[in-house]
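All chains are identified by letter, namely A, B, C and D, in their written order; residue positions are counted from 1 within each chain.
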Amino acid sequence: MLSARQAQHLLTAGEERAARIGVPVNIAVLDAGAHLKAFLRMDGAVLGSIDIALKKARTAVLFGAASEAVWEYCKPGAPAPGLELSNDGLAPFAGGIPLKDRNGAIVGAVGVSGGAVPQDLEIAQAAVAVFYF
Amino acid sequence: MLSARQAQHLLTAGEERAARIGVPVNIAVLDAGAHLKAFLRMDGAVLGSIDIALKKARTAVLFGAASEAVWEYCKPGAPAPGLELSNDGLAPFAGGIPLKDRNGAIVGAVGVSGGAVPQDLEIAQAAVAVFYF
Amino acid sequence: MLSARQAQHLLTAGEERAARIGVPVNIAVLDAGAHLKAFLRMDGAVLGSIDIALKKARTAVLFGAASEAVWEYCKPGAPAPGLELSNDGLAPFAGGIPLKDRNGAIVGAVGVSGGAVPQDLEIAQAAVAVFYF
Amino acid sequence: MLSARQAQHLLTAGEERAARIGVPVNIAVLDAGAHLKAFLRMDGAVLGSIDIALKKARTAVLFGAASEAVWEYCKPGAPAPGLELSNDGLAPFAGGIPLKDRNGAIVGAVGVSGGAVPQDLEIAQAAVAVFYF
């Protein structure tokens, strides 16, 4: 189970990377049931990205995959059009990463939003990099 | 902070432009937290454009940008497909313009809907043109 | 049909009374279909009363009666418990007043919130008093 | 404007008090527009209290008052029955406290849930006690 200490550790690692590259973001950490565990909005992050950070993390937990992987199923021509409308709306683009324990079970996810998509991804990866289980 | 007097001034300026070009519209003014400050539906504006005016203004506040700028991120081939599904649904097309103070901070937004998109944009611009801070 | 000019006239009358008694409020005007026609949040009105002003006006239109009249049907011991949960939530207390034409048909409503309930009622009555049809 | 640093400081102060009295809680910090700024769920806090912590803080921001003050308006016999149904549902009981600047303007709120109501209040007060503006 994801602890509060781990969640805060992830937030701090993400915040440090975001500060280093100069991009204020929102960072959300959800647990294995997609319930909110910890959250931080850095000063200057746009309000609209709060919901996106939460939805990226939610997308990652709900499908046990990076948020952008969901797009492969619902993009034009793919077999599940409208998939992104399920679950009160997904965010099928990069910045949401699942957290897995040593057996590969999903224990939560991180979602980052506020920068360009590659920046959000870099920050989410920096957060997840400090996670161990 | 956006005052009631300023908000009404924006509504009047928008309404005058709309009347001049003969297009009945809805005009919404939101504050910095995306909360409703003032609103007017001109006679003859279609009911469906009430929500669109509100959502255009909301989109502009939440992302600190003209509403159509959001489309650049979520249009086909862009890096954030489904972005328009966030925040209870955005309106990523022209007619929502953020209001900024002299330091560039977002203090609210205007959203206009009811005409053709270029008309809505023209009316929103006429409203914002009378704003000073 | 309620015109934009009439709706603004109602807002102004309500605002003047509110200013005179020193209570910043939200004033909402809806049409016969409970759709937003005009709105003003006076400076200093609490954010939470935006939704209440809208819901009072909505309650008045939907039931063709003053908003507090709905409470008679759903208060403890009355025959319709839970009525206030219908229609996405009603506001069954004073401050919402229907607008009627000379034949008694509902053409809209005013809703006021931000002060004590008797103050909201006084302001709503002052707004409706300038309505003629 | 409430900073990320201040929000985290509030979370830490609340968490310390909660740990001292042995009650795992959720602590939410919202900004002046009721948008999420920071959040922490302590290990062992029940899932159902996530939403309550958020709603308590939301209630405090929206009405510029301690969350339980709203109950005085909507409790049985009070003048605003159903008030708690507004704004997507309020949490009109103790544990939500507004944050004010030196001029008395609302800059955000803290909401705590997970313990008995008096415990939640004590923890929220401990969080707010470290706030200065």
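As a convention for this text, contacts are C-beta pairs under 8 Å (C-beta built on N, C-alpha and C of every residue); 3 or more make two chains touch, one makes a residue touch a chain.
Chain labels with UniProt names: A, B, C, D = Glycolate utilization protein.
The shown structure was predicted, so the numbers you read here are calculated from the model rather than taken from an experiment.
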Homomeric contact subunit C-subunit D: same or different residue positions, threshold half: different
Centroid distance [mean C-alpha coordinates] between subunit C and subunit B, Å: 25
Subunit A and subunit B: spacing of chain centres that average the CA atoms, whole Å: 30
Whole-Å gap between the CA centroids of subunit A and subunit C: 42
Per-residue overlap in subunit B, given as positions that touch at least 2 other chains: 33-35
All touching chain pairs, where touch follows the definition stated at the start: A-B, A-D, B-C, B-D, C-D
List of subunit D residues in touch with subunit B within their complex: 31-35
In the complex with subunit C, residue positions of subunit D that touch it: 33-34, 59, 61-64, 76, 79-83, 85-87, 90
Residue numbers on subunit A that touch subunit D, as the complex places them: 1, 3-4, 7-8, 15, 31, 33, 35-43, 47, 50
Subunit B partner contacts - residues on subunit A that touch it in the complex: 46-49, 51-52, 55, 71, 75-76, 84-85, 89-94, 116-118
